[in-house]
Amino acid sequence: MILVWMIGILLVGGIACWLVAQRNTFVCRWIALIAVITAFLIPVGWYVQHQPVIVAGDNWLVHFQADWIPAFGISFHLAMDGLSFIMLLLTFLLGVLAVLCSWNEIREKTGFYFFNLLWTLAGIAGVFVAMDLFLFYFFWEVMLVPMYFLIAIWGDFNRRYAAYKFFIFTQTGGLLMLLSILALYFIHGQQSGGNYTFDYFALLNTTMVGATARWIMLGFLIAFVIKLPMVPLHNWLPDAHSEAPTAGSLILAGLLLKTGAYGIIRFVLPLFPQASFDVAWFAMLVGVVGIVYGALLAFAQTDLKRLIAYTSVSHMGFVLLGVFAFREIALQGVVMQLLTHGVSTGALFVLAGMLKERLHTRDINQMGGLWTAMPRMGGIAMVFVMASLGLPFLGSFIAEFLILMGAFPVSPVLTIIASGGLVLSALYSLRIVQKVFLGQAQTVGEPPRDLSAREWVIMASLTAAIIFLGLYPQPVLDMVRNVIGEMVVRR
Amino acid sequence: MDQLLAYIPAFPLLGFLILSLFGRNLPKQLIGVIGAGTVCIAALITIVVGIAFLQTTPEGGAFSQLLWSWFRVGNLSIDISLRVDALTLVFIFIITFVGALIHIYSAFFMWHDRDYARFFASMNLFVCAMLLLVMADNLVLMYLGWEGVGLCSYLLIGFWYEVPSNCRAANKAFLITRIGDTALLIGLFLLFQELGTLNIPGILQRAPDYFASGSSNIELITILLLVGGMGKSAQMPLQTWLPDAMAGPSPVSALIHAATMVTAGVYLIARMHVLFQLSPVTMAIVAIIGAITLLVAGCSALVQTDIKRILAYSTISQIGYMFLALGIGAWSAAIFHFFTHAFFKALLFLAAGVVIEALHHEHNIFMMGGLRKRMPVVFFTFLAGAAALSALPLVSAGFFSKDAILWYSWSAANGNSFLWLIALAGAFITALYSTRLMLVVFWGEMKTPIHEQPAQGMVIPLIVLAFFSVAAGFIEWPHNMVHLTLFSDHVQKVLPETVMKQGLPSEYLFQAIAAFMTFAGVYMGYMMYYGKPGVRWQQSPGLSATREFLFSGWKFDQLYQFLFVKPFVFITRINKSDVIDRMYNGIAQASLRLNSWFSISQNGSLRLYIVGVLAGILFIITLQLLL
Amino acid sequence: MVLLVATVLFTLGLIGVLTRKNVVFMLISVEIMLNAAGLAFVAAGSRWEQPDGQVMFLFILAMAAAEVSVGLALVLQIYHQHKTLDVENLKELKD
Amino acid sequence: MTYQQYLALLPFIILATAAIVVILLIAFRQSHTVIQVTGFMMMCGVVLAMWYVRDTLPREIPPLFVVDGFAALFTGLIIFSVLVVGLLSYIYFEEREENPKEYYILLFLATLGAAVLTISRHFISLFIGLELLSVSLYALIAYLRNRNNAVEAGVKYLVLAALSSAFLLFGMALIYMETGSMEFSAIARAIDAAGMSVLFVMGIGLIVVAIGFKLALVPFHLWAADVYQGAPAPVTAFIATVSKIGVFAVLVRFAEAIHLETYPLAVTIFTVIAIACMIVGNILALMQQNVKRLLAYSSIAHFGYLLVAFLSGEAGVGAAVFYLLAYSITLLSAFGIITLLSTQRRDADDLSGYRGLFWRSPLMAAIFTVALLSLAGIPLTAGFPAKFFILTAGVQQNMWLLAIVLVLTSVIGLYYYLRIISTLFAAPPLTPVKERTLHPFFYFATYASLVVLMCLLAWIGVYPGFIVENVREFLLIH
């Protein structure tokens, strides 16, 4: 039931924002903030209550099921396990920050903005807990539309193009996935003697012959790797990320990409163990290509947000590598990577947004020497740049270390190339610091002000999160151990 | 006693946290006290621990403390836990003790700098990271320290960030070491895959019965570790970053780029000595790399004009000696040289810092001169340092350590005459450039006026270090002279004894030759530079070409520029706007063209529409008649 | 046999629609086609000796009449607005 | 004819009387409003009657008609659409100088024709219904004769429609010639007995041409855009919904009767046509700047989708009905917005006129957005389950080619829907458009009904179960 509450609060809160904003935008902001915080507190509070359950390691912690379209065996089935729980925490954490960092950035149409923001979050949360494939697809789409509006209305100069690109890319994947879902639905129905259902747990024990399984699996996989994104299907990402408003980029990089990875872990591997194992080597290869390719492009960019966007292409390559290594260590690393990348890249985008607010440009050639004026921001930026190049005692290191460690026995060569990606990541990450904060101060006129209290809260919480994940990741690892373990034994 | 370990890195960390969070609001005095104080406390604790260790060697030969479990996944379990054995003890002593002196020095040296707090924050963080590096009881935690010191060196080299060249130097340092680090990381993966553990004691204890000596895996692992070490310790071919790293403040060069961080490679190899002993090929490679490095860097040091670059190159070459020693299996000799080198090289850098400060940030030695009378303290301390560097027999610590290496490079089982000759040549060159440095800087007439004398607080560390760079040698005498080998006895609790050849000529002979070479170097330097600094070099063109070649560090930078940097930048530039994007734009274009074609049919002409209908009919009818 | 005639008639009408530019003639040609269809119905009815064919023919006549009436009204309008009956001039509506 | 049969025909009789009543009212010089209200009442009457006779179904009225659940569904759909169209027509024509009264006669006659199509099981009734529909449509399209292009559209439609009905008739004649009957079931029996012949196949082909023309299927679609653009907005809505629903109904019935899906030939033809529709329709709409034309093209594509359901036979009918429902609601709300925005001089069909609508009148823009999203088949709107059910039907019959084409083309379609949406949300032009305050009551009535439609879309989108159940229930009545 709590899951329904979580999503419901966001949806209702969104509508409330829209309505209230006609009169008073200030109240509307607070409504949004409170809505997200409550949504955040629900799983946290639940965790505080039921801690023993998790430690005991029963995979499925919460279930909620209700009929929806019985004629087609579609039910409103939500469930949460460790993985979902982790993702939910990330979602709401970033959600709160997203609301905070759009506090002053959004001047007009505030109500509709927060409506979209909250609905996107609701959609994402739904994706992480939906256990009925139809429902999953439903949420999958629901999170797109508001996101489209966020980009298309509050975006930057080139927003419409970016918005189209984003929507069309993801939609293509989505529809292919829908086809696969249907195919799976009928195959299962025929096998189980007319028990037609979209329920995840029912579909789990569907057996398919090689070719069919591979095609159906491809349908899912394409949808997810477009979201991930995987080279060469990544082209929507740089545009969307660089054009979106700060909160938009934060959510795109921090959460939407994760839904892709989540989808692979939750659906592709368990539903098609054999088929996905057959494509594993290819997927790993592409992942490594992504790591290198993304890094090269990131190094070349001069638009700060675009640069960061390409870094996430590179980082998500690690996810692909890790997932298809089919090793517990690697998969645990992938989960860590989802978290840490969400936090670190999100933080970088927020920083980029703050810089844009102050300097009104995203071009790093027009920045430089900002450390003098903004030592605080500089320090924070240093932390997250180091995170993105995988410095130990920051969460990203644990993630990448585990992924590489896990993938190494499977394919040493690819892993070594991927490790080369670490050097490249150092290249582009240092370039950020050097171009933006070091060197001669370029800004004429009065120097930009340092972080305000609100911004300080945002960045401090992110920093705390990334350092905590780096020094004491055990809780997360424990949380997903069972899920991952099951995944590994399945194949 | 075990419980004390955590406090050694904890105090510098505390200092870092305080300074980085509130540093901007604190008075400078307080900052200085915190910055230097925390390290001094760490040093005191270290000494306490050290005494305890020397009195009663703990069981297992090490103190160890488990702080918390870092992460456990599957069969991989990594803890945050510290471990101090004889080898570590030497390192943490140097780190904290020399570090403390340098911090005290810098408290005065950096007084006028705007970012006083940032400086000490970074320095404290460095000390903390370096301590973690040497105290870690598993390789992942060590890697944490390893990267941490890299970060701090990056921050401190680029400390004066307004100057672009400094930032470039910082980047260069970070990137080149990063290459080594990555190799090291891969080494860890392979090691884990083979042994299933990354715990240092575990590895050392499992390796011998797991690996066959000289098996390809162990060779590969050790080579990867070696590359990591080469990166950090600026050995060939990854040495090019160190000279540029002199862009940082002098104390930084003293602490990071002379005494501690650059010797991390030495530590790594010594720490993993079991693995290296199992892989003779790698051992040979280590020795050869060390030999080449010490020669190459020494030659470059001969012709530098920037005082700090001279010292930097000499550092590289001294570390070359240590690698040579490691390569030939003279473990304790290598560590001993590290021990003495830390003192005298730190001393030299700090003294150089004083000189540079005194002369309005003048780096060029040929613009100095005649400081002997004006800055006596600095002169004598510098003299002590230089003497140790050029290993003047019996009166300098450098002699004892370097003489041991020279001796072993012939006499050790893996040693041979060739290595010995190179080492000897190195000794000669070292003496030569040390003399050149001394003479040009302190003799002759004065070219730049002195505008300030060093503060007392800066002199005291100099004197202390000077004392040690003379006296530190007396704890370890050559076997044939005095039977006093405290150091090697201590270190050999961890490291194996050096295996010797049979039927060697008397050791006195070697010592005599070594001493002679040293004096020859000094004399030649005296001949060339006394009074008439460097005139003879500028004249003959052939020599000046060689000089130019050596001056630019054997053109390694240019080579790498050409081989790696330029191609990389080229590739990234041409693909800035993502080639793959073209594909998708192409699809979009195609559908738009299709659209324009189709809409031709919608030209509003009724008759065309009728034709359309007719076409449809014909299509259907024909289809029907065909099927 | 009769069907053949009807077919020929139908084709003629079709050709007329295609070739003529004048709206009125087009309408006439369509009428021819309709009547051809009617003829076909009658033929079919006679083949099966049923009245339905002829019934259908009556319906066709009625419908044709209605159609023509509306058609001519439109033709008048066209003439008012365009002062011509050439369909080639009716091209305001297009992409 | 028995009482029961009359009873079964009651709704249609009421529908017919509606037209007559309007004529009488006009004879008595009644005002537009009165006529409007009466017409509204009559239509409600039809619905009530349908509900009333529901239990007596199914009922055969040989040889021409059969009133069964299927017919009831489609008639209900038609009447529902006409209700909305009528509502739109009122405010639309109040703005125009022309005398709008006769308009309603034609409207109701056309409706009657469509309704007759849904219950016809005989060529004659088919023909009558079709012609009733088209002849009234000629007049409706050209109703605002003084507005440029209306007449042109009328003529184009007339000539082509007449042509197509000629083909229809000839086809019928051929079939009759072959089978000796004009009753669907009888034809089917005759075919089963005698097997197919060239003439019969020809006949089917020619009939397909006529049907294809009415449904604006490729390659008989060329008229659609022009007529949509030329006709008054409500009439366009009518063409897009009512007439197509009626024709589709008879198509389905005919196909079911003669088991079209058993002829590989016919299946091939329809498959080709469907694919052509999806591709051509969506591509044509890509760069279209005129909203009415754009909707025309999108409707071509949508009937392509619908054919997928049609091709999957029995299983598809439910999906098709659902789709038509969602589709008509969507289109009606879209055209409602167009009507509301139309000014005296011209319909609001230029996309530039919609720039920044959201910031001028959010509610309208919201309705339009929802409608477009529903056309694009995005969740939370009725379009999504509709498209989903069609895909389900397609996949169930393993028509992978069609399914994949559907998916890819609807991605193309996405682009132009998004184009409109982003125009709605773009920064508004500096000159504010004057608001119309004429006839506030009806204006707001229409407004309210559009809001209701939007809610309907959302409701069906989120909870389609209810509709699905009822549709199934109805379809079982035959």
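A few comments on the model shown:
Letters A, B, C and D mark the chains in the order given here, with residues in each chain numbered from 1 onward.
Simple rule for what comes next: contacts are C-beta pairs under 8 Å (C-beta built on N, C-alpha and C of every residue); 3 or more make two chains touch, one makes a residue touch a chain.
The chain list, named the UniProt way, goes like this: A = NADH-quinone oxidoreductase subunit M; B = NADH-quinone oxidoreductase subunit L; D = NADH-quinone oxidoreductase subunit N.
Being a predicted model, the structure only gives us computed values, none of them experimental.
Greatest Cα centroid separation from chain A: this falls to C.
Comparing the chain pairs A-B and B-C, the larger number of C-beta pairs in contact belongs to A-B. Of all the chains shown, the one with its CA centroid nearest the global CA centroid is A. Chain A and chain C have centres, each the mean of its CA atoms, that are 65 Å apart. Spacing of chain A relative to chain B, judged by their CA centroids, is 38 angstrom. With each centre defined as the average position of its C-alpha atoms, the distance from chain B to chain C rounds to 97 Å. We define each chain's centre as the mean of its Cα atoms; on that basis chain B and chain D are separated by 79 Å. Across the assembly, chain D contributes residues 155-156, 159, 163, 225-226, 284 that each touch 2 or more other chains. In chain C, the positions touching at least two other chains are 17, 87, 90, 92-95. Across the assembly, chains come into contact as A-B, A-D, B-C, B-D, C-D. Looking at the complex, you find that chain B touches chain C at residues 599, 602-607, 610-611, 614. On chain A, the positions that touch chain D within their shared complex are 67-72, 109, 134, 137-138, 141-142, 144-145, 148-149, 152-153, 160, 163-164, 167-168, 171-172, 175-176, 178-179, 182-183, 185-186. Residues 155-156, 159-160, 163-164, 167, 198, 201-202, 205-206, 208-209, 212-213, 218-220, 222-223, 225-226, 264-265, 268-269, 272, 280, 283-284, 286-287, 412 of chain D are the ones touching chain B in the complex. Per the touch definition, chain A reaches chain B in the complex via residues 165, 231-232, 234-235, 238, 296-297, 299-301, 327-329, 332-333, 369, 371-372, 375, 379, 382, 386, 391-393, 397-398, 401-402, 404-405, 408-409, 412, 415-416, 419-420, 422-423, 426-427, 430, 434, 437-441, 471-474, 477. If you check the complex, the residues on chain B that touch chain A are 20, 24, 68-74, 76, 80, 118, 140, 143-144, 147-148, 151, 154-155, 158, 161-162, 164, 167, 171, 174-175, 178-179, 181-182, 185-186, 188-190, 192-193, 571-573, 575-576, 578, 580-581, 583-584.
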